[in-house]
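Look at the two complexes coming up: subunit A is in both, with subunit B in one and subunit C in the other.
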Partner chain A sequence: MLFLLACLAIPLCNVVMLSFYRHSANRIWVPQFTLDNYQALSGIYFISLGLRTLKVGVITTCFCILLGYPVAYYFARAGRRALVFGMFVLFMPLMVSAVVGAFGWIVILGRNGILNSALKALHFDFQVQILYSEIAVVIALVNLLLPMMVLPLMASIEKIPRRLEEVAVNLGASPLLTFWRVVIPLSMPGLISGSLLCFTIAISAVVTPRLLGGNGSRMIGTEIYEQVVTAYNWPFASSLAVVLVAIIVFTLFVSFAAERGRRQRAVRERR
Partner chain B sequence: MISQGWLLKTVVFAILGAILVPLLAVIGVSFNPTSRFVLATTAISLRWYAEFWSRREFIDALFLVSLPLAIVSAMLATVTGTLAAIALVRFRMRGRDFLETTFMIPILIPSILLGLALYLFSARLGLAGRFGTLVVGHMLIGIPFVVRVVVAALVGVNPALEEAAISLGCTRVQAFRKVVIPLLRSSVLSGAIFAFILSFSDVNVALFVSGPTTNTMPLEIFSEIQWQGDPTIAAASTVQIVVVTLLILAAQRLTRARITF
Partner chain C sequence: MAVEAISKTPARIGLEVRDLVRRYSADVVVGPISFAVNEGEFFSVLGPSGCGKTTLLRCIAGFERVDSGAIALGGARIEDVPPHKRGIGLVFQTPALFPHLTVAQNVAFGLETHKIERRKARQRVGAILALVGLSEYGERMPNQLSGGQQQRVALARSLVLEPPLLLLDEPLSSLDLKLRVQMREELRSLQRRLRKTTIFVTHDQTEALALSDRIAVLSQGRIEQVGTPEEIYRTPTSRFVADFIGNSNLLEAEILGIDNGVAKLRTRTGLRFTTHKTAAGVSGRRVTLLIRPERMQIGAGASNGANADNTFAATLTDVTYLGEDIQYRLLVGGVETLLYTCKAAGAGGGLALHQNLSVHIDPSDVFVIAD
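Showing the complex of A and B:
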């Protein structure tokens, strides 16, 4: 067990340490303390890289929420057989590997891909050109990460007594209003943890943006990969990784604060 | 109430259908006889499977790296994860909460960071690209899931069963071995299957840690896509899909309960 802890902790500390080392063209890194790596991050290129990563993360999370709610609600109230089947389908892309999913989207969205051939065959005279853009990345990420939203949401929705919904409907609320005023507020914990999962995994994606995003849609993950594999600038890759962790830790704190605030408000309302 | 609505049902099944679209597209392309990425609409051919079978890099990746790696790391993850779960649930020891969070850390750390950290550190030790480094990485990904599944099962074991065994003359250890462990078997096995799948489908750790002789299947597919290969990629992806599907079905059959993550 200690060995495992060591396998985890030492390499991570090593990353933090490397991020303060100086890069050298022929020896990869020299053990000299420097803040150069972090200073380089303040350049316009990396600021926009970071903002783009956050944007993709936020949009992906929003779509996961939008699509995840109906699915989670349906399966929280469905029978066991439907549930087993639903979870099977939902987890397929994630389980098979992000690479295979990305390949599928390339085949579908490519210039001569399935979608465009189908459009041509149906005599539409427009073509969809979204491969190698952020849109393709978001589509593929939502496809992968939807289960990460559905599972926590479902766990929360299951705990809501069905009677509450019945009461709301009996009091004259439409199903949609019931959903808005009863189900959504009571499933907040699931929503928060689901969003946390989706967002953190989305902003650290490598393979999906690398394969489906063009040059203009690089993200932090792909940049780390490139710095390690192509540029051999390990100190700089490490500093990018530290920034990524910082963003994730910050999101964690925000979500914990949101959860605590929600609970306190609930307690106050009860009094 | 709302769940009875056909509208909701339609929406949900449309979403589920859409989720499978890319995988189905891959399978469709793998059977097409031409060398373009098109669906097999007019004729079905196994050409690309033959090609897959004759390509050294794919076969090596599957049989020499991916499968052995998944087996070894799943076994190690299962043993450590199960022991850890038993310790977490059964022993009131100091630092229990600390340990519990420690075992969950790999879930929160994105696997690319795990990959990066392992690669940079193993490069320092001169162990980069070794099979063993990959095993460590995949074990770390698998453990939290095994711990989760086994903890859930352990908590669900009715303590009365164990007490009955003890009152019938078993020692505590015997009671645990003869009553609790058989009850845990299916959860441990499904934990092992999930650890296997996680290793088999991982690409983020392998991306950094793999060396020239230790390319895993997803990694091989990844690099082929970047080199704009032929539909052999689709055949390889289909093989990947089939292996994982069979394993998920096996796991679902085993637990007969919902998959809990």
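Showing the complex of A and C:
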């Protein structure tokens, strides 16, 4: 346990330390304290980079929720055989590396890819240009992260007695209203942890946006990669990394606070 | 008088089930079944587990497809109406309250789905909670209530919608004995007050006998007998019903002859019985005799009138003390073992093992069941 903690803390401290060092063109960094790396972040380029990252994260999470709920519900309520098959299909994207997954989407979404060939074959006289855009990144991320949403949701939904849904229906609620009034509120813990997983993994994605996103849709992760590998500006890369970690920690904090608030409200209502 | 005239009009039918059949793959689980429940009646469906009674209830509530046959509520066919539009109240074995809603919100749930105006809804919730004696508990969460209170909330949640029909699926079975008896009485008085057409499913004959206006005994998906609790207990029409309801001595016998409404029978073991309760039967027919253990008369000492009808010499072979009652096992006529029960405090309370006795059964207490 302590060893694991050390494995996490030491590199992280190193990154934080590095983010306050001065960049040097020939020695990568010199150990002089400076806030330059953080001041550089306030530029319009990096603000929009951060906002774009958050946007991709939020949109990806929303689509994961929209697609994940029906899937999770179906698996949670389906028989054993459907479950095994469904899990296999769902986990395919996790079993191949993100690189291979992204390449698959290049083949599908590319200018002469499967999608455009299909459109041509069906005599549509337009072609879609979604490769190297945010849309492609979101599609691939949703594909990659859907299991992260489905698993915790499924675990939550499985715990909801089916009888509660029957009661709601018996009291006049349509299946859709039952889902809204019973299934969603009672699977809130799964929804929160699933969203947390999707969002944090999505905003720290590197491979997917780098391969599918093109220049106009860089994210924090790809920028860190560029700064480390291409620009050799490790101190600045570190400051970006610190910001990313800060966003993730903040998200965790907010969602835990929300969950605690929900519990406390429930307790208050009991009095 | 006008009031008399109204009460004498034939009872209106609340729910009618006609030739209902429900299959799982090839197996018939329920049916074909037909029965009618009068308006305001407390109708029980009684049967052992696995007899299809819950499936029948789920068919009426709409949670199970009906393979063939018809269900009519107040004269209107409902078997193709989706469950959330049937408006039939259903209370399950477990209270199944929504854990994320307060008691009042639970009760208001159905009013919201029916888009009842908020102020009116609040009044109705208050009124129904008062009816089940939980006025003070509206703001509590379900897990802060006892099992009995939760079940009352579940009942209130159904009743607040004023359903034309209330289905109860063993609603008392999750409670412990003492509470069950108390809730049973509450349920009965509530039903009497509201005159709500009610179908009560149970495997507990005591509950069914205590609560019902009429009982349908179900076995293997079919109705064995429909009747008032007394009819079911006193004059079962099949061996299954006789065996299932109450304790019973069942003897295989053959009709020797019927004369002037009095039948002579001989059991397979050779005992001869006389009965006034002759179901339509002919000489030579194989039938089952039913003798209720509490309808036998015991005399101390060897019988002096051994030649009288239905009087036999007997030996006491086993005693089971049941608190209020005492149950004896008698070897009658040296060939047949019969159960005999009586009040422990009564005259038969102090019989000793291996004591020689005489047993008499009144001819009107020997029932003939033609299978």
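Odds and ends about this structure:
Keep this in mind: the second predicted complex is superposed on the first by the 260 of 271 C-alpha atoms of A that agree within 3 Å, B and C clash if a C-alpha of one lies under 4 Å from a C-alpha of the other, contacts with A are read in each partner's own complex, and residues count from 1 in each chain.
Quick note on the criterion: a residue touches a chain if its C-beta (ideal position, glycine included) is under 8 Å from a C-beta of that chain, and two chains touch if they have at least 3 such contacts.
All values reported here derive from a predicted model rather than from experimental measurement.
When both complexes are superposed on subunit A, subunit B and subunit C end up sitting side by side without clashing.
In the superposition on chain A, A:103 contacts subunit B only, with no contact to subunit C. Of the two partner chains placed by superposition, only subunit B is touched by A:11; subunit C is not. Of the two partner chains placed by the overlay, subunit B and subunit C both lie in contact with A:169.
In the superposition on chain A, A:35 makes contact with neither subunit B nor subunit C. Shared-chain residue A:177: touches subunit C; no touch with subunit B. Within the superposed three-chain model, A:161 lies in touch with subunit C and out of touch with subunit B [touch as defined at top]. More subunit A residues lie in contact with B than with the other chain of the pair subunit B and subunit C.
When the shared chain is aligned, subunit C comes close enough to touch A:185, but subunit B does not. Aligning both complexes on chain A leaves subunit B and subunit C separated at their closest CA atoms by 7 Å.
According to the touch criterion, the shared surface of subunit A, contacted by subunit B in one complex and subunit C in the other, consists of residues 166, 169, 175, 178.
Across the interface of their complex, subunit A is touched by residues 1-3, 5, 8-9, 11-12, 15-16, 18-26, 29, 36-39, 80, 84, 99, 102, 105-106, 108-114, 116-122, 124, 136, 139-140, 143, 197, 200-204, 207-208, 218-219, 221-222, 225-226, 233-234, 237, 240-241, 244-245, 248-249, 252, 258-259, 261 of subunit B. Per the touch definition, subunit C reaches subunit A in the complex via residues 61, 63, 83-85, 87-90, 92, 94, 96, 98-100, 102, 109-110, 113-114, 139-141, 144, 157-158, 161. Residues 161, 163-164, 166-175, 177-178, 181-182, 185-186, 266, 269-271 of subunit A are the ones touching subunit C in the complex. Within the complex formed with subunit B, the residues of subunit A that make contact are 1, 4-5, 7-8, 10-12, 14-15, 18, 67, 70-71, 73-75, 77-78, 80, 83-84, 86-108, 110, 112-114, 117, 140, 143, 146, 151, 162, 165-166, 169, 175, 178-179, 200-201, 204, 206-207, 211, 221, 224-225, 228-229, 234, 237-238, 241, 244-245, 248, 252.
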